[in-house]
């Protein structure tokens, strides 16, 4: 597995001052995230929860000051972690997570940023020894628009899924959908839809952020876009396999002999 | 609906303390909800069944200054959306093509496309949706600049605009006026500017599930709005509008709608390992406070236009296309439940569609 | 516009900046002719006032006077924030905020509060603060938030350019000195009336309900120019609750807005702007104020009706029980 081009570059504890930190680089898009976790810390009185730890997630953009996109990213990560972290083990404390986008192809693209952010955060939580219910892993899948198109430089990331025949004249030419794992922004711009899927190692769905992302000027040309739910379920099953098998393997390998599992 | 069956309340309860239901509601929301939902049939505190959404009303074009407006009231959630068009003049030598595509990637990795627009707080495109919650809509939401919820909602709506590609960006072009000198071909006309649309959503009353109401208000307001006819005036070298002529905004045929579900965990004493949970359609803010998982589905259903613009029943034969699924927090919603939620989303979209079709188009 | 930094808490327009549409009109007269109302000058417009529409706040009201639509929420009384810098407050601290929706007026407004909104907020504060029995709510705060959804037309000619024989004139036709005061005055009077209805709905104890009234004095257009002001007194026209468009052939002199407590016969807030003659100054002010009071008295009737309706609604709903926001269910509860 280590020699596979799909493995993200993970560097643990690059920030020795924090309780746990991680730098994660996506193998294809080269999106680099640096996270640090501190906790349990003293909590500000107004944020204190009587039975739970307060989780604070701050996403810092690569360029400029944080805008609404960063706020939304931190709220997505926050709600995922809320269910992962056993917050009742450290009541009346603060667990602070800071995620810095170091490098990204497109700083405004939510799908390109979300998977690295989540994976990096989960790894640094493990390093920091924050009690968690389970471990999750996130994968980003893009379904390509044109099945004929040849894509370079993504060998080993492409797989095909049989499409359910819904009898639609428009889509008879391709009876399978081409899916690219962890696409970069170039491939994403060719994609029809983008799916960020996060599963726990037991196979429970933690987060789904799936959206139609084909380009165009909109209006009537956008009629008929979207996907069939059965295609999505098939894709999600595949995503689940990737997260539960390969994702867990990557985490295990990255952590090495650290006894966190 | 495949909702996990709630366990009946155990018999080994301590002797009941007597206090009023409203007090119980206040001091222990989790238990209060659980007791309601473990009844058979499960009934929510607001009297609805788990899969039932609130009744909603829609009023369009009730405001005098907006180019289009809609007021949506779903239960105790009320939002007003006003659409205001403003003119963006294209500077000579500027390439306007980047305004004409949704999901346009940055031109290169060095972010040559904009001076400061590449990340963080940045300048946007032609359609600018924003949500304002600091209107005293709820005692839980503080006054002042937009907090996390309002910012997240604004970004979600912005994403919905991009995902659905609802507005035809081509139709927002403002051309050089042709003085009848033979330049009737569209290709020879020069683009002088664009309409940019401010979609401002004000929440008047907040009682949960603001996203669905806000998005529906935006769709309805866009559908009802009319922009003045604008063109470039050569003598004055600026864009002028005709006071008496206007045109509707060109939208998609199949309108996408969102449906939001909240999942309430039901901790049961016998089996700690696996919690049961129940999915609620269109949660109110009391239910949202206890929810651990939120699922939003954006879908379009292709209604038969031959049937007089109204959806045909039963809905079984209709094809539904999903355009966005967002599920956040928790681990209880499985993939099979998403499938069953889609049916509810489709039937809700049909109701949205019907009430929108009833609204009269704006007077000319 | 583009020079400013983008708002980091909202979605932003394109970096080029956008401008409001400008209308081109070749025939200035027919386009800009304001509508004349057939209402007699001593009659105010119909007021629609309803309270208790927002369930998640303590008190609320919604008011509609022709095009003006506004919603008022009352939050509190609730405890002051627990910070070391908060001083002890023997009386409740009242805060008032007035905000126009971005789409509420002819020109799109930004989200940041501008000076006229802050001004309206402080005038509303003055009008209400004396009426509330603040000593009954120590160490707490009461917040009144007014959102204006739609306001009276300030005239489309703000953004209209007229072409006359090939020459463009950007001059607006029906401009007059008192225009914005008159428009704001109507808004303020509406705010005062709606806010006291919302305070009553919240069950906050008050000495009396405050109702807002507005009146404007007009003179003949001929008189206003160059003539001695003393002559104008005789043929003054007082209009209660003036619409934006002045009556035919009249020029506005002064506008008076006030908050009035009818049962106590007290004025809590008074705002006069415009020209008031110096010779017979006192009587002119008195006359104008009397007209505004009369307008406020008419509004008070509506206010009383709304309060009565709400009390009746609560009595009908809960029997004789005291008003409560919680809904009662008949599910047996224990625990």
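Here are a few things to note about the model shown:
By letter and in written order, the chains are A, B and C; residue numbering begins at 1 in each of them.
Methods note: contacts are C-beta pairs under 8 Å (C-beta built on N, C-alpha and C of every residue); 3 or more make two chains touch, one makes a residue touch a chain.
Every value quoted in this text rests on a predicted model; they were computed, and no experiment measured them.
Pairs A-C and B-C differ in how many C-beta pairs touch across them, and the larger number is found at B-C. Taking the CA centroid of chain C as reference, the farthest chain centroid is that of A. Chain-level centrality, scored on Cα centres against the all-protein Cα centre, points to B.
With each centre defined as the average position of its C-alpha atoms, the distance from chain A to chain B rounds to 24 Å. Averaging C-alpha coordinates per chain places the centre of chain A 50 Å away from that of chain C. If you average the Cα atoms of chain B and of chain C, the two centres end up 31 Å apart. Across the assembly, chain B contributes 116, 120-122, 151, 154-155, 158 as residues in contact with two or more other chains. The set of chain C residues touching two or more other chains comprises 6, 8-11.
Shared contact sites, meaning residues of chain A that touch two or more other chains, fall at 65-68, 71.
Residues 13-14, 16-18, 20-22, 24-26, 28, 31-32, 35-36, 39, 43, 45-47, 62-66, 69, 76, 78, 80, 82-91, 94, 99, 114-117, 120-126, 128-130, 132, 134-140, 143, 145-146, 150-151, 154-155, 158, 196, 198, 200, 202, 204-207, 228, 230, 233, 236, 238-243, 285 of chain B are the ones touching chain C in the complex.
The part of chain A that touches chain C in the complex is made up of residues 45-46, 65-68, 71. Chain B meets chain A in the complex at residues 100-106, 109, 111, 116, 118-122, 148, 151-152, 154-156, 158-159, 163-171, 250-254, 256, 292-294, 299-300, 302, 319-335, 338-339, 342.
Those residues of chain C whose C-beta lies close enough to touch chain B in the complex are 2, 5-25, 31, 53-58, 60, 67, 69, 71-75, 78, 97, 99, 101-106, 108, 111, 143, 145, 147, 149-151, 153, 156, 160-161, 168, 324, 326-329, 331, 333-335.
The touching residues of chain A, when paired with chain B in their complex, are 61-72, 74-76, 79-80, 82-83, 101, 104-110, 134, 166, 168, 185-186, 188-189, 200, 204-229, 232-233, 236-237.
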